[in-house]
Each structure stands twice: as structure tokens, then as C-alpha cells.
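Okay, got some structures for you below.
Each of the two complexes below includes chain A, the first together with chain B, the second together with chain C.
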Partner chain A sequence: MGEYFKELFGGTKSLVVGLGITIKHMVKPVVTLQYPHESLKMSARFRGHIELLGDEETGASKCVVCGMCQRACPSGCIALAGEKPEGAKKKVLTSYVLDFTKCSLCGQCVESCKFGAITFSKEYNLAGPRKEAYIFDLKKRLEERSG
Partner chain B sequence: MSDLARSQNQETFVLNLGPQHPATHGVLRVKLTMDGEYIVEAEPVLGYIHRMHEKMGENRTWAQFMPNTARLDYLGALSYNHGYVKVVEQAMGIEVPERAEYIRVITVELNRIASHLLWFGAFVLDLGGFTPLLYAFDDREHILDLLESVTGARLTFCYFRFGGLYNDIDDDFVTGSRAFIKRLRKRMPDYHNLVTKNIILITRLKDIGILPGEMCRKYGATGPVLRGSGVDYDVRKNEPYSVYPELDFDVPVYSECDSMARYMVRMDEMEQSMRIIEQALDKLPAGPIMPEKVPKILKPEPGDYYSAVEAPRGTFGIRVVSDGTNKAYRLKLRSPTFSNLSLFGEASQGMLLADALALMGSLDLVIPEIDR
Partner chain C sequence: MMFIPEPLRLLAFVVGIIAFIALNAAYLVWLERKVAGHIQRRIGPKEVGPFGLLQPLADGLKLMSKQLLVPKGVDPYLFKVAPLLVLVPAVMSFVTIPFSENLVARNIDIGLLVIFAFASVNVMGLLLGGWGSANKYAVISAARCVSQNVAYEIPMLITVITMIMVTHTMNLNEIVMQQDGSLLNWYIFRLSASPLMPVAFLIFFTCSLAETNRAPFDLGEAESELIAGYHTEYSGMGFGVFFMGEYANIIIGCSLATILFLGGWQCPLGLYPGWWWFLAKVYLLIFCVMWIRWTYPRTTLWGLLNLSWKYLIPISLVNLLLTGAMIKLWPLLKTFLMGAS
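Showing the complex of A and B:
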């Protein structure tokens, strides 16, 4: 009988203490974010998918088509091509395609680039109905951005 | 084993737990032979999320394998990352600057707290308590924000490099970490009052799921599972690496061998991790985060290398065999949860199904790390 009342008392105490903590948290300010009505700003170092960077003056890509990013990529998601116009010293980028379906966002491409031609985007709201929506033509995106 | 389970005349039936079951936290399948509510035999079936990580290690350059380490155990990614860079540094003879070592310890310990917080929430959720999960996630969110600000990712960090780090930490990170520890110290009593001292939790865990130290040794269980069985073994103390010898911390050991002991080990470990982080932040030296010269293309001397770290779930060992080329000849990963799960079959015999699920929760399983 004594054991029974001891358990009853212990159980009630647990319940009251637990409820006390819950009530304490209930009146505290809300910690969740009302996504999608609000969304977070990503931190400066956030690793999104890659994006080509343009030259500040001309707006053309800084890429010299050395292919280091392509070789560094563990998943083989980067395909790029370039050509050397007559009379020019450096190669010029003709296409830069990122297959984001395979990308694991490790950032080895950005690290391997010695020319600062690629950077991480801050995009994270990515959703699409088709696989093709994730084959990004980065050169085209750069041209669109620089207008 | 109970008399009911032992009797041969009783009719038994097979129950599939998983591969899609909330209590198995992923795609683990356990084939249970049941006698009513009692387990006669339990057989974990693995392979549902096998991704050939070891083979991938043989087909990629040393640096290219780095992102894979975060995909083994997505909750303690930094420890695995640390294990891998450590073995390659050992093979290459690369010296790591002191500042980098301290930052490694700080981030790994933050990651350990995050991992234990998630386990805490999920474990109590398995037992039927929903609220603690939300509080634990609230705290964990602060760690993820901190780690995101330095590594750029929230789970698959990939932060360490051969010889050092990807990024240096800034003052915001240091003050943020200190503020977080202050916050968690205030929250821990809430956790203990709400969960640890709760009579339902105590009745469900105390003296249930006994794993004797001998059984742990037999199956090679490590980490909090082993320390909950009274064996004082922690790689950070027993085979010290990085700057752990310079930091003062205790290894919590409980000798009750039950689910409650394993619970208490992890709760105490969070406190110890906080102590480690505080000391490391105080001692944090200035200096470079990468050595001056790290070869661009890594070609370790032919040989056999092994290194282990203490991951949140136990000893993570990694063995690489190099044949002198830019890829590993063989890469073997010894993941702690695989061994920790192996004892489930023997330990759960004769247990009630609900108690076996509590035992499984106390093992802190992460399935992608079992299958690799």
C-alpha cells in the first residue's frame, strides 16, 4: 500500500514538473520561422550550387577554361568548353554546364579555381518537376545577370 | 528469456520491423520472431542503403573522397571527416598547425553535442514523449547555425582539409559558441527535470536492456554503449589524438549496463563536450590554419595506415592501404553503429517488443553509417 502511494505521489510530481516546464516554454517568444511567408538569409559562407563570376568591367566570365574544376569534382557534374579566338591570348569560355542532380555541394571546384571565376550561390529554395530543370547553363545565367 | 518465450509448443510468428518504421530511424529492417509480445529471435537485415563508400574510396583521388565522409554519419559528420583527414595526414606525414587542431576539436565537440541532442529528442520520441524533441531541436539549431557560418553547410560539413581547415573561424563564431554553451547550461536542468527525472522514462529504462560489458566486448561495441556497460574506454583518452591531451575532461562511465546508463552517459557527455569547447576557446592560439606546404597531388608512400577517432556513436576507425598512386588501393571503414547494432539480436532475446525498441533507441543508430 505504501509503495502504491509513493508511486502515485512520484507520478503526480513528474507530471506537475513536466507541465511547469512546458508552460514556461509556452509563454516564451516563438522560435520557429513562418516559412514560406518568411525565409532566412543564408550566411556569407553558405555553399549553394556554383555560379560563374563575371569580370567587373566587361561582364564576361573570368574563366580561362583550364578545366581544374572539372577535374576536382568528385561526381563529374561540370562540363565546360572553350575556344581560342584568332589573335587572342587566352581561351574564351563557350559553354559551362552544371549537372546539379549529381552535385553534392562539397565546394572542391570553387577551391580548385585559381582565377576566382566561380562562387557559391545563396539559393536554397530549389524545386522543380523535371530533372532537366537542374541542368544549369551557368554561362547563360551569367549573361542574364549582367544584362 | 521468459518462460513464455522459451516454451516450444507456443506458436510463433514473424514480424517485420522496418525497413520503413519510425523507430528504426532510417531503412533498417529487423526480422522478429515473436511469441506474443515477446521476442524469440531478432535478426537485423542490412543493405537497404548500401552505397559502396569503400569502393568509391578506391576510385576517387584522396581529396575527392572527402565529401563521402560526411555521408556516412550525417549527424556526426565532422568526426568522420576528422578520421579521414587524420589517416591521410599520417600517411603523408603532414603536420597540422596548432590553431587548426584547436578549431577541429571545437567544431567536432559542437557536432557531438548536436548529435546527442538529436538522439535525445528522437529517443524520447521513440518512448512516446514528443515535447523534448522540439526543445532539443531548438538548441541544436543554434549549433547548426554556428557551424554553417564557418563551414557553409548544415549537415554535410566537409570542413577539414589535409593539413588544416577550409575556413578560419571568426570572432562571431567564438562569441556565438560561448553564448550557446551558456544557453545550453541553462537548458540542461530543464531537460533533466522534464525527462531524466520523469517517472515514465525511469520505469521504461531502468534495469531494462541489460548489455553486460562482456557482450559489448564480444561484438566490438564502442562509444556510449560500451561506457554505459561500465567499461572506461574512449579513444580521446586511450589513444589521444589532436589536442585532447591538453584539455581537461572526464569520460562518463556508468556500470548499470541498462538503457538508463546509456542515456546518462550521453547526457553527461554533452556537459563534458561543453567543458572541452570552453577550454579550447580559451586556449585558442593565433596562427595559420593550413601548413605552408601541402602537396597539390597527394601520393602517400605505399603502406598500410590506420587511425581512429571517437565519433558521437563510438570508435570510428579508418584503414587505408596506399600503393603510392593518387588513389587509395583499399579503404576500409570501421563504423561504430554496425558493431553496436550487432549485439541487438542477442540482447533482445526474450524481451518485450516495446522494451526492445527502447533498447534499440538507446543504441543511437544511424543507418547510412551501418550500411556505408
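Showing the complex of A and C:
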């Protein structure tokens, strides 16, 4: 008989405790992010696809077309080309194409670049109807960004 | 009061009650999703209209525009009749529920009995829906619903008998009248009638949860085991009508708890009694129903029947005995105390 009442009161108490927990959470602020309207700021070490970095002053790419990144890439995602204009000392980048469909975000290209010309972007909202949408012209993106 | 001819009055009530049920079914779903959202620290519906207020409209349109599929092998009549058997008794029960002193479709002397008579038809609808679907999950669900309803009808009716012993009437209007005045006159606090009155309220409330197949007693709709339960095979408005019936039954359960224990349309302080108090209490109870649903996990069938047979029925029987004793003893005790002072 004692066991019966112990179970009854213990059970009732646990139910009341449970109700208390839920009502407390109900009045607390919500924690969800309203995704399409607002999106998360990615952390500093987040690895998105690579992106060319521009010079602070001119906005032009820091790339000297040494081709280290192209060689370092295990999947062969990177294709770049450059030319030496008349009278210039350094090569100038003419095209930099990343095939993101093959990229595994290993970061070998960023590691290998001695000129700090490429970095990881914070882009994670990637969706496209066809695979051609993932072949990025990074030079064009850089020009668009620097405006 | 203005004189309204009887047929017009009835028509007004029929339209009013059906509109009330439909509106409530729609907006209680919205409220339920909001409550569930905030308990889980989410927002809930927010995209359709301000605060997601047009969401029920969108859902309703979607349900109505869907095809009513009648699968091969179902019982053609039972399959179509079952949703109505759930909704119609619920609508009928509203006839006797007094929203305020004058706002009641039919003030009959056996109002309480009428509601319980119709409430039992609801189970029949679930059983026929499950059986007519020719689907093993639906049949299992229907069988569970029936066993659950049988188990919980007993403590509920014992509690109601206790209440009738105290009130001496089955007229819902009169029961509310008896709780006139302050908070202490409500039957939930009428300890002179039975010291276990608050417990009786809890038993009644628990049973009404089980009777309406609400969580944590929603064994009939255990998604992980039974897909959707008895309405697995229903599409479009067939499902919609089941859903409306379920919410209508919740409103009836909460209305009855309000009328029997919480003073119906009476104000806690005795001021301005009216339908607003009735609705405020009903919605408070409905909020509790939702709160309970989003707090507790579903019970097992074993736990469900255990709760009824081991706790609710014995305690409600003790309450019945105590009430009987108090009816005889309280007048004696009162005169004794009066004489002493």
C-alpha cells in the first residue's frame, strides 16, 4: 500500500516538474534562425570554395600566375592562365576558373599560395539547377566584388 | 430581450455552432502549432499572413481542393459515414452547452446526459472508420481507441455521478447557477461537498484527454507504429472532418470541465458574469491540453490502462464514497458547529 502511494505521489510530482520545464521554455526567446530571411555568419575558419583576394589599393588580383595552386590541387579543379604585358615585370592573371564539382575543400591550394592570393570564401548557400553553375570564374567574381 | 421566432433562433444557433466549431478547429490548429513551436523554442507558423494567421485558411483550402480517394476494398458506406459519425455528435453536444445564462441552444434538464450519450457515438465513428478502411493499421488503431475509451469512460462517469450527487441536477445551466458568487463557490473548491473535489477535477480532465485521444493518450494515432491511426486511408476533407471532430471534442471536454468545476460563465470575483468568462476558462483549459501534449511522451497501452484501473477508478470511487458521506454528514456537522458557537 505504501508503495502504491509512493508511486502515485512520485509520479504526480514528476508530471508537474515536466510541465514546469516546458512552460519555462515557452516564455524564453526562440533560438531558431529564420533561414531564408536571415542567414548564419560563418566562423573565421569555415572553408567554402576558394576565392581570389584583391589588392587593397588597386583591387586587382594578387596572383602572379605561378601555377602552384594548380599543381597542388589533387582533383585538378583549378585552371588559370596569365600573360606578360608589354614592358611589365610580372605576369598578370587573365583567367582563373574553379571547377567546384570536383573540389573536396582540402585547402591544398590555399596552403601552397605564397602570395596570399586565394582564400576560403564564406559561401555556403550553394544551389543550382545544373552542374555548369558550379564552374566559377573567380576572376570575374573578384572584379564584381571590387566593383 | 428582443423576441425572436423559434425557427429563426434554432437556425441561428445551428449556423452559429457550426461556424464556432469550424473556426475553432482552424484556429486551434494554429494555436497548437504556435504553442508547440514556442515550447520547443521555435516560432511556429509565421509566413502566411501576419504571425501566420492565414495559415489555417491555406490549410483548409489545400484540404478542400484535394481529391477524396476511396481505396479499393474499403467498405463504401462505413468509410464515408465514419467521419460524419465523429463530427455530428460533437456538433450535437454543443446544443446543450450554455455559453452564458441566455446563450444556449436548448436548455434541457438532462443536458449532461445528452452530452455523454453523444460523446459515446464518437468512439463508434472511430471504430467504423478504422474497420471500414480495410487497413490493418487502421483496425489496430480503432481497437486501441475503443479499449482506451471504455477504460476511461468509467472513472469519468463515476466523477460525473459524484457531481450529480452534489448538484442534484443534470441541467448544465443550473449547475453553473449553483456556482454563483466568488471563486470559493466553484465546485473545484467546494471542499464541503467532498474534500477530494480538486482531485475529482483532475480525474475528469485526465479522462477527457483520454476520451478525445489527445497526447499523452493518443495511442490511436501513434505515428511510429500505426502511420496515422484510424484515418490512415482518408484524404482531403475526409481527414479534415475527422480533425474537426477531434478539436470539437476537445472544446466539449474543456467546456464540460469549465461548467462542472470552474463555474461556467461566472466571474471569479462575482463581477460581470458572461460568455467571455466562459470562453476565457475554456481556452485556458485548451491551452493546458496543448501544454500537456507538448510536454509528455505518449504512454504505452499498458501504462494507459494501468493509470485508469489502478489509480483513476479507485480514487474516483473513494471520492464517490466521500461525497456520499459528506452529503449525509455535512448538515449534521454544520448544526453541531453552529450549536457550539
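The rule we apply is simple: the second predicted complex is superposed on the first by the 109 of 147 C-alpha atoms of A that agree within 3 Å, B and C clash if a C-alpha of one lies under 4 Å from a C-alpha of the other, contacts with A are read in each partner's own complex, and residues count from 1 in each chain.
By definition in this document, a residue touches a chain if its C-beta (ideal position, glycine included) is under 8 Å from a C-beta of that chain, and two chains touch if they have at least 3 such contacts.
Given the structure is predicted, the values throughout are model-derived calculations rather than measurements.
K.L.:
Answer with first, second, both or neither: which of chain B and chain C does A:I23 touch in the superposed model?
P.N.:
In the superposition, A:I23 contacts chain C only.
K.L.:
In the superposed arrangement, does A:L8 touch chain B (first), chain C (second), both or neither?
P.N.:
In the superposed model, A:L8 contacts chain C only, not chain B.
K.L.:
Once chain A of both complexes is superposed, is A:L33 in touch with chain B (first), chain C (second), both, or neither?
P.N.:
It touches nothing on chain B or chain C.
K.L.:
Does the superposition put A:R47 against chain B (first), chain C (second), both, or neither?
P.N.:
After superposition on chain A, A:R47 lies in contact with chain B alone.
K.L.:
Given the touch rule stated above, what does A:G107 touch, chain B (first), chain C (second), both, or neither?
P.N.:
Only chain B is touched by A:G107; chain C is not.
K.L.:
Could you tell me if A:A81 is touching chain B, chain C, both of them or neither one (first, second, both, neither)?
P.N.:
It touches nothing on chain B or chain C.
K.L.:
Kindly classify A:A133 by the partners it touches after superposition: chain B alone (first), chain C alone (second), both, or neither?
P.N.:
A:A133 contacts neither chain B nor chain C.
K.L.:
Starting from the residues of chain A touching chain B, keep only those that also touch chain C in the other complex, and list them.
P.N.:
Of chain A, residues 18, 21-22, 25, 31 contact chain B in one complex and chain C in the other.
K.L.:
Can you tell me which positions in chain A touch chain B when the two form their complex?
P.N.:
For chain A paired with chain B, touching residues are 7, 10-11, 13-14, 17-18, 21-22, 25, 31, 43-47, 72-74, 104-108, 111, 120.
K.L.:
Which of the residues in chain A come into contact with chain C in the complex?
P.N.:
4, 8, 15, 18-19, 21-23, 25-32, 34
K.L.:
In their complex, what parts of chain C are in touch with chain A?
P.N.:
That would be residues 35, 37-43, 46, 291-292, 294-296, 310-311 of chain C.
K.L.:
Contact residues on chain B for chain A in the complex?
P.N.:
Answer in residue numbers: 60, 63-68, 71, 131, 135, 138, 141, 145, 148-153, 156, 158, 166-167, 190, 193-194, 197-200.
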